[in-house]
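To keep things simple, chains are lettered A, B, C and D as they appear, and every chain counts its residues starting from 1.
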């Protein structure tokens, strides 16, 4: 028994290297095949909704989707049995996505139409960042994430103000324009206000009365100034980050007080006055 | 008499803590209930304008609005009698909004339709910032406000120029396109120019003649450059603020070596290790 | 004769103070009246083009315009005779605008319809900056102007590239979409490309074929990145300006070499090493 | 023979100076004529697609195009024979464009309609940067290029995330809105999502159901924040570049007092007046 168990162990180890590893040739090839299958799968779901294509190739699309779903199911099971702590994987971000990626097809057996939910597989593309170990890319992602997180609070405060303004402007436009111009209700007017303030401007609803157009023009000019604010917030964070990266060397760590934020050319720790190492 | 007055005083004190305080459990709960009621009230007014909903539930909506108005009225009266200087509250920003929030319903008794003005209650959402005492959030609001105030003048000068250009461009388009394309008058053409320059682009009016389209393309490319200006102004203010707040204090000068570029929280000169002055 | 001439001189001097001065009560009042008349005049021209208003009040509008034109004509003549060098004023920026502001009405005697050109009077609003001697405002204007001038070249290079791309993209869309979707010619397709790249998006022409929509989506994402460029250019200039204003003191002028760009806390001229004055 | 060869050499040399040189009068004149012909040629191709113009002047347009094509062909041949290493030119960026600029007309002899591809001549406008030797302009181009290259990776990571979001949002809208509102398939919905997120907003497809409009409003507000990101990235790069290029050289350290914040062109330390090292 110990011998067969050991064989299983060896098999598990091999599978793990292929599925989770990115350094071996096999592991890398598997990742590329996986990304290709995800792309194919997402394209299949899309094509299923295009009438002309679906009518002609319906059975073919369904068969391909089932094959890919089968592959993803086997992959999911192997991922679980090949690692020491399967529970950790199952409840991880990627584990949940991997499960959600195969569920819709099985659900479609009972609820026809559920297969469209397979589009959730698009989230598996995020795995690319796990696969690519290009340090530059992951550093860029981290900088992006940091800058966005740092500006999150300011942007939320800002959006809160914008939403309140949106309610007021929407009501004014509802009262001024009325039902004839498409401003059929306050929620509809608020929708129009958001469409206008964000400069999307569909034109499905647009003011018809001179007064309404005058107010709309004011709203647009306001939106002009307003669109500058989130840009300003995010840009300032980026600028701060990239300027700091250039004048400050975070690899210089003080031996005595372990503070790590020093100028690139600092000779002494600004926290405790000890001489800094010269790296 | 003094005893009954004292009882009233105690009652007043308690009410004040509940209404104005944010530290006690009751005060905090009251604030949450209030915010919930404001949200409910705003949603009710909105739904009143949606035809399908209003026809079905008209009486229910009206009853709910009256209940909330009653609650807000009691709250308003209690706010006045519970503080020492009621006049200060009545004429404060929040006091005026609180009064305006209850007036429309009473007005609707005489002028039907005035109830829609209750949407002004949306402004009561601003109270959130009084309720939340999260220092981070209020600091963000202050930074936002400061950056916008600092850029106010530049943006006004800029908008003044844009408006003058708008008149000239609008007239040119009116002369080029004429009434057939929807450019029925100069004000209409100016409206179109604003819609285009701000990149909203409804498409309800759009140039039809080749010359008009050529000028429109020029206006768009101009708008391209122009939209950069308010963004640039606001961003520069943000960048200035956040750079100054976070990194370097140029007023900290080392007494020994006179180097002047130190972190805001530096205690020792990073050039020579001398202790820094504490300003 | 000398006495009467002297009287004329006194009159001229008085007129000059009223017309060009901004420090006396009369001068300031005249400026306000002038701005008001310009505004009124521009509004009159606009209203003349609005059908409903023009039909009712045509004669009234024309009379008002002639009165204002008369006033402007007298003002123009007085401006010329009240200063020493009338030629300089006549060929100055404001002089040309002032002349152009009165010409259209006189032209309309021979060419009906020319009165609409009176809209050029809107340019007289620029005089506001001469009238207002608020140093903050004029400093803001200068900063705006400088930042825009500094970024002019970069933006021109950028627009040159955008225009070339526009021709290529327009032709591709013309070939892909064809005449049925509104892409009737290459110039029309280029117009669509500019409408799309600048995110204006009227929707009067929009791609109908799947391939056209795919290319359009690519163009939009490209436009996404592209719109960032002029903003980046202008913002960087603003940031540079406002950062420099803070760390550099341009009032510190070296007595020896007259160089004037020093740090706020500089003690010695960085050009010649002389000690700097302490202002 | 040597003499005639020498004559050919002289001729080749002269041709080279005219075609490639920009310093002689003839070389400069040739460049201007060339740019003019490129512009004329691009305009001709455009006009060929405008129905009204093409019907009237078809033969004239074709003749002009053949004349210009002939000129470009001769120019191409002369460019090849006038330089030492023709292969290098033929496979260079400009060489390929020059060949592609003449091919479509010859192809149109066999495939009618291929003449429209002559629009590729627009790429020859890029030669302007070779012709203009204004150092300021080329410096601006380099700065533009550098800033865009530095931000390339961040923007690609960002667009990758946006595309994944686009697929998810598109599917949600497809399920919510359905075929009646124009969301006929998932690719169509993704197209709508890109049109909305980039704030282009044609309005050819727009949500009709309240839920769809609610989600659309959320997408727009998301797009609001999202549009800030590429701007932030590019701006930060520009700011970094222009701040570094223009103001302060932190590598210049005073030998006496070790202060490190000096102007790039400073000759003396502004702290102690010592001469600065020249790096």
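The rule we apply is simple: a contact is a pair of C-beta atoms (placed from the backbone, for glycine too) under 8 Å apart; a residue touches a chain by one contact, two chains touch by 3 or more.
The shown structure was predicted, so the numbers you read here are calculated from the model rather than taken from an experiment.
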| item | value |
| --- | --- |
| Repeat of interface B-C, chosen from C-D, B-D or A-C - more than half of residue-number contact pairs shared | C-D |
| Between A-D and A-C, the pair with more C-beta contacts | A-D |
| Type of chain A:chain B copy interface by residue overlap (half), same or different | different |
| Distance between chain centroids, defined by C-alpha means - chain B, chain D (Å) | 41 |
| Chain centre separation (chain A, chain D; CA means) in Å | 30 |
| Whole-Å gap separating chain A and chain C, where each centre is the average of the chain's CA atoms | 42 |
| For chain C, residues that touch 2 or more chains besides their own | 187, 190, 199-203, 227, 231, 233, 235, 237, 239, 243 |
| Residues of chain C defined as touching chain D within the complex | 153-154, 157-158, 160, 164, 167-168, 171, 174-175, 184-187, 190, 196, 199-203, 206, 210, 213-214, 216-217, 220-221, 223-225, 227-229, 231-233, 235-237, 239-240, 243-244, 248, 261-263, 266-275 |
| Contact set on chain A toward chain D in their complex | 42, 45-46, 49-51, 116, 119-120, 122-123, 125-126, 128, 136-137, 140-141, 143-144, 147-148, 155, 159, 162, 187-188, 190-191, 194-195, 198-204, 227, 230-231, 233-235, 237-239, 241-243, 246-247, 265 |
| In the complex with chain A, residue positions of chain C that touch it | 199-203, 231, 235, 239 |
